[in-house]
C-alpha cells in the first residue's frame, strides 16, 4: 500500500449509516472501514440516519453460541474515541419516529435536525454509504 | 412433520442463512424431519469450502456441513444459480473446463426440480431471503 | 396461514403489504429486522395494535434481544417466541408466506 | 431426480412476485422456477403484487450489448401459456398506485382486489416468495 | 453534491430520506429501480414535481428503457441522461452521496 | 478527472455490479481516469473465475477482466470481506491451507486502506450497492 501518496491531504469523510444491524452485514463492515480509516488522519464524521440509529442502541445481546448466533459488535462503537473518531451525529426525526432518545444509545452523539444534517452533508469531500 | 427450507441469500451479507440455520436446527431438535434444504439465488454461496471467517465469528458454511452430517440432511444447491455465481463441485468444474472447484462437503448440486419436489413432498416450505 | 416479515417497516414496504393482503386470521411473525415493527414507541405502534385484532402477531425473541430489546418492550397483544416457537407456528398454521 | 415420488399429489403452488425486474435477479430466477415447475403438473398461480407488477410491463428494451447490458426476459411471460401456466393475477392497488392499466401489461391477467388476493393466498399449499 | 437513488420508492425508503435530507441545490439522479420515481402517473408524481423546485432531478434513460419506459414518460422538469451524462453529473456536482 | 468506484454487491443478484461497469466504461471513454475499483461486501464475488453464466447472458466477471486489461485498471478486492465469503487468490489459499483458489485474472486482494486511499486520491468516489 502506498499510503504515503495521501500524506498531507486532509479530506472530510462522511460515513452515512442507514441500515439496521444484524439483518445485514453493512453496519459491521462499515465499522471495519471506520477503524481502518482512522489510521489515515482524515476529518471523519459518522452519521446515523433512518435504521442506522439502531446500530448504536444499547444492550445488544447475542453471541456466536447463543441467540441469533452472531457476535455482538456494538461495544466497538465505544472505542471509536480511542481512534480519534469523535464526531458522531444522529438525525432527530429518525430518533423520534423510533421512539428513541440519547439515553437509549451506547455512545454520546450530537442530535441534528434536517437542516443541520443537510449542512453536514454539503461540506463533505467523500461520502461512504452503507 | 416434514419441512423443506429455501435459502435465497449468501453467507454474512444477509441474516437469511443464519435464520434458516437456527430454524432448521430447531426443527430437528423438536423431532421433526427436514426433507431438504434448497439453496437458490445467492444462497448457493453458502456452499463454498473456501470461506475463512474471523476466528471470533460463526462459520456459516461449516455449521451447515456439520448439521448435515449429524442429521443426514439433503443440502441441495441449484445448478443454474450456482453456475452464474461460480459455485462448482468437481464434476461441474471438469465438465466446464474450470481448473478448480469450491463446493464444501455435505452439499450437492442439482436442478430446480428439486425445489418443486420439496414443495410437493414436504408438509411445509419455509423461505428465508432478503 | 403463517405470514413472515423479516424487514424493518421503516426501510421496506414488506410489513405494509403483509398487513394489507394477508387473509384474516393469519398468524404474522416478525423476525430479523422485522422485529422493530413489534416494539412499543415507534410510529407503527398503533397500526400493529390494530393488526392484533385481525391477526395473531408474534415477534422472534432472539432477534429482539440481539438488537437491544426485551420481551417487555413489545406492544401489548404481540407474543414473543423463540426458534422452537417459530417451528410450532409453522407446524400449526398451514402454508407459510414470506414477505421478502 | 426422483420426480415419480411426487406423482399423484397435486398441490396448489403460488408464486408471489413483489420485486421490480433488472434491479435484482429475483424476477428472472422466479420465472426460471415457474418454467421448470410447470413439468410437475401442479395447480400453479402467479401473483404480481407491489413492484412485481413491473415485471410484466410492456416494451422492456435492453440487450446484453446495449442499454443496461442485461437481456430482456419479459417475452418469456408470453410463453407461460404454452406451459399451461395460465392463472396470472395482479393486485388492483399495486396497479393503481403505479398508474398502470391492463393495457400496459405484456400478458393477459386477472385483476384482483385486496379481498380476492387474500382469498387466493388462503387456499394455497405452497407459497414461493420472490 | 450529487445524490443517487437506485431503489424503487414503493419498495424502500431511500428516495424519501434523500428528499428529506439532501442539501438544497443538490442534483438528484434516479437510476436502476429508482427510475420508477421519475415517471408520470404514480402516486409519487406530485412529490417529485415539488422536488424539482429544490433540486435538479435526473433519471437514467437506459434504466427507464430497460423497464419499458421512454424519455417522454418522465415527469416534467426531470431530465434524462445516459451513462455519459451520469459521468458528467458526478464530475460537475462535487461529492456523491448514494442513498442505498 | 480521477474517479474511484466502490462495488458492494455480487454479480447477477443485484444490478450494482452492472451499473458500476457501465459507469466505469463511460468514465474511461470520456477520457477521465479511474484511480481504482474497490470491491467490498458481496462485491468481492465479482472476482470469481469460476462463474459460468448462460451463453445468452452477459459475463460480468470477464467484462471486468477485459476492461481492466484494456485500460490497465486497478481492481482491488477487500481481503477481510473476501475471506468471509470464500474469495481467494493463490497466495491467500496457500496461506490458509485451502486446496483451491478462485480469483480471476485482473483482480488483486488488498486491505481496506486501499478504499480510504482511493477516497483521498480520487476527485470523486462513486458507490454502487443495494
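Annotations
Chains: A, B, C, D, E and F, in written order; residue numbering restarts at 1 for each.
The working rule: contacts are C-beta pairs under 8 Å (C-beta built on N, C-alpha and C of every residue); 3 or more make two chains touch, one makes a residue touch a chain.
All values reported here derive from a predicted model rather than from experimental measurement.
If you take chain B and chain F together, the chains in touch with both are A, D.
Among the remaining chains, those touching chain E as well as chain F are A, D. In this assembly, the chain whose C-alpha centre lies farthest from chain D is A. The most distant chain from chain E, with centres taken as the mean of CA atoms, is B.
Across C-E and C-D, it is C-D that has more C-beta pairs touching. Chain centres here are Cα means. That of chain A falls 25 Å from that of chain F. Averaging Cα coordinates per chain places chain A and chain E 26 Å apart.
Residue positions of chain D touching 2 or more other chains, listed in rising order: 22-25, 50, 68, 70, 125-127, 129. In chain F, the residues touching two or more other chains are 12-13, 15, 19, 22, 41, 57, 80, 125, 127, 129. Looking at chain C, residues 6, 10-11, 13, 32-33, 62, 95-96, 98, 100 sit in touch with two or more other chains. This structure has the following touching chain pairs: A-B, A-C, A-E, A-F, B-C, B-D, B-F, C-D, C-E, D-E, D-F, E-F. Put simply, chain C touches chain A in their complex at residues 6-8, 10-11, 32-33, 36, 39-43, 45, 62-63, 65-69. Contact residues of chain F toward chain E in the complex are 1, 3, 8, 15-16, 19, 22-23, 25-27, 29-30, 32, 124-130. Taken in their complex, chain B has these residues touching chain F: 10-13, 41-42, 45, 48-54, 57, 61, 80, 83-88, 93, 96, 98, 100-102. Remark: chain D residues 14, 16, 18, 49-50, 91, 93, 114, 117-119, 121-122, 124-127, 129-130 touch chain C in the complex.
Residues of chain A that touch chain F in their complex: 1-3, 5-6, 9, 11, 13, 25-26, 29, 32-33, 36-37, 39-40, 42, 125-129.
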